[in-house]
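First chain written, first letter: the chains are A, B and C, and each begins at residue 1.
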Amino acid sequence: MSKRNLLVLAAVLVIACALPFLVSNYRTFQLTLVLVYAIALLGLNILTGYSGQISLGHGAFYALGAYVTAILMDKAGVPYWATVPAAGVVCFVAGFLFGLPALRLEGLYLALATFALGVAMPQLLKYHHLEKWTGGVQGIVIPKPDAPFGIPLNSDRWLYFFTLAVALLMFALAWNLLRGRVGRALVAIRDQHIAAEAMGVNGALYKSAAFGVSAMYTGVAGALGAIAVQFVAPDSFNIFLSITLLVGIVVGGLASISGALYGALFIQFVPNIADEISKAAPWAIFGVFMIGFVYLMPTGVAGAVRLLSRRRRSQ
Amino acid sequence: MDAFLHQVLAGLATGGIYASLALALVMIYQATHLVNFAQGEMAMFSTYIAWSLINAGMPYWPAFLLTVAISFLLGVIIERVVIRPVENAPVLGVVTVFIALLVILNSVTGWIYTYTIKSFPSPFPKEMALGRFMSPHELGAIGVTLLVLAALYAFFRFTPLGLAMRAAAQNPVSSRLVGIRVGWMLALGWGLAAAVGAVAGMMVAPIVYLDPNMMGGILLYAFAAALVGGIDSPMGAVIGGFVVGVLENVLGAFVIGNELKLSVALVLIIGVLLVKPSGFFGKVHVSRV
Amino acid sequence: MILEARNLHAGYGQTRVLHGMDFAIEKGSITALLGANGAGKTTTLRSLCAMVRTQGEISFDGRRIEGMATEDIVRLGVAHVPDGRGTFLNLTTEENLRLGAYSRRDRRAVEPDLERVFGYFPRLRERRTQQAGTLSGGEQQMLAVSRALMLAPKLMLLDEPSFGLAPLLVRELFSILRDIREREGVSMMLVEQNAAMALDLADHAYLIETGRIVLSGTADALKKNDSVRKAYLGY
């Protein structure tokens, strides 16, 4: 990583650590959600940006992660921090399994299949035979965790730092993965899959693995999100969640790690501002932004930032 | 046996609606190789327009026809203004624009009309004596659906404009060489698809009640129907629609319960895409390396 | 002159294929465009119909057409029979033919024109309700020419009409083209690799090499030209 980028990263980290002490508890909670979304968007980006597969149903993996956490905490008394890796593992397996048949579907057809998954998810979660575990329509309430070992942080701030730590770990993992062979292989498969296969890249394995990893990230995000919100219910995980994630990567920028952060900031804070206008307005505004970004800024905010910094450097 | 027959017939009624929506999807797919994710919301929006007209005092059938005409225009406008610029963009961009359309239509409708559920009238008299097998509306819906489908078939098969639209969908380059304005054919296709969707919406609203989210599940069934029939086969879409309608009802009533009906669509979609992606009536596509 | 091109450049993406060509087609004449593979013959025909991006001036029937859309140029009376024939494979023979007449204003003349076309190519009448994709190569070629005729064009552009046809069929086709020119007064530009047959049919000819015109004159003159004889006529 270049020296300049390291400095930027350090600055961002310092700000990130300082923020919860400078703003209200509610804002801190919102910032925690930004981190949660960033992890989810990173997951979707791994799939769509790097691996070139479209998913309109990632909300389903978010839901899966959230419910794993909720059920483990509520029914099995598992401590909150242990549920996060559990959610990750479950979602990796689910994603990998979903990815296997999904391999055969290209672009539009995969979008269709995942769209169906996203639409059907709430109904699946409300299924009365599963009610014993899922809590049915009413969902499950999760108690708010306190800071451990008597650390003098209130629970909002503690949750923020916990989420921040996980986020940093996940980002570092992604960065490592995508800069190296795996990342190159994924891009090769995305852009010229026949040539890639001819060069010995096992397209099927990579694509399924990409789905698995992407689902894992989104599942971890779901777990953290559930802990932060303290509640899971089927109707919060409808198709609009999947669409929200799509908005996030379109606005933030594809194939970019920083894009996940820009996108997360957008999807967390824009609806709040838009809500002042009307209850229905956030989505109309999202829609307009989506179209605007596709027409005018197809590489998202991250792409625009990259372009600007390249121009400044060449001057 | 009675109950089974009732489910089958009711399934045919809803199947007609899935068939109409699936046909709209296939029409757009044939011309552009794109799946219109916003087809359901467009139909829903049209139904609300009809509701406004009827609420303002217009009698049913004039309101119905006016709504179809307005929907046609809206479809043309959407294609020219929103879709045209991204027709050749990468897949993710196009999908995003379609989803954006879905989202905008949904939220604007909620904004204007609120999310409270409204009832939508059925033009078919409640006293028609068909007994226990079918409600008058269900029969009427099948009738209207079949009429619309027949009209469309006649249009495409026997009129020069219909021929030109078919040509433009199959071979845009050669179409230009005979002077067909391919861009406008696309817009017309969207207009027709929107009009067909409007009819579907107005036929289903009396059954499921009018609310901005009413078409979500129905769109899913329409996707399943279009895929089962073959996403580039209009006839397949129609047959697929009726098949899906009956399957949904029969499985829902006797096998898996009504709660999981959407999952039927999901399983169908994934199943067809894996086993026979070209559907039962579609053409198999071989892409050259 | 039914068509004049001045300083015509054309290309695909970044690649320039035609470099400043000047040529013209006399009204009522058949003009041949000869050259080796890749010389730019197909690109020339395509550029006349705005199927590729062009620079330079093109006038058709006294009217400037560069910058116009393909379908609008066609509606002015230019019928292009593309390489590969451009058949609507999933439509019937008759539907293909009727599409040729799609943009015509004189709807009453379409039926008699259909009859006339069946007169030139009786085999198409036999196959009129058959799906065009099931026709043989030769029949599809006849269909392509007929579809162009149904436009009642002033100018026909034919791209390799002899391609894939048995010599007997080619002879038959070319004699029909001659007939069409006599009876209907349609001007033609013909791109052909089969230089001998093309020069027999044509009145004038141009020779292209790598996107430039290197020789022009009457067909007879080119037939007698030494370099043409050696390179393209084989003797």
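As a working rule, a residue touches a chain if its C-beta (ideal position, glycine included) is under 8 Å from a C-beta of that chain, and two chains touch if they have at least 3 such contacts.
Not measured: the values here are computed from a predicted model.
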Exercise. Would you identify the chain whose Cα-based centre sits farthest away from the centre of chain A?
Key: C
Quiz item: Going by CA means, which chain is nearest the middle of everything shown?
Solution: B
Quiz item: If you average the CA atoms of chain A and of chain C, how far apart do the two points sit, in angstrom?
Solution: 57
Exercise. Starting from the mean Cα coordinates of chain A and chain B, work out the distance between those two points in Å.
Key: 32
Exercise. Could you give the separation in Å between the centres of chain B and chain C, each centre being the mean of its C-alpha atoms?
Key: 43
Practice problem: Mind pulling the residue numbers of chain C that touch at least two other chains? | Solution: none
Practice problem: Give the residues of chain A that touch two or more other chains, as numbers and ranges in rising order. | Solution: none
Self-check item: Complex contacts: residues of chain B adjacent to chain C
Solution: 160, 163-164, 166-167, 170-171, 173-182
Practice problem: Flag every residue of chain A that touches chain B in the complex, lowest number first. | Solution: 48, 54, 56, 101, 104-105, 107-109, 111-113, 115-117, 119-120, 123-124, 126-128, 194, 239-240, 243, 246, 250, 254, 278-284, 286-288, 290-291, 293-295, 298
Quiz item: Which positions of chain C touch chain B when the two form their complex?
Solution: 49, 51, 69-71, 74-75, 79-80, 82, 86-91, 95, 98-100, 102-103, 147, 151
Practice problem: Enumerate the contact residues on chain B facing chain A in the complex. | Solution: 33-35, 37, 82, 85-86, 89, 91-93, 95-97, 99-104, 106-108, 110-111, 216-217, 219-220, 223-224, 227, 257, 259-263, 265-266, 269-270, 273-274, 277, 289
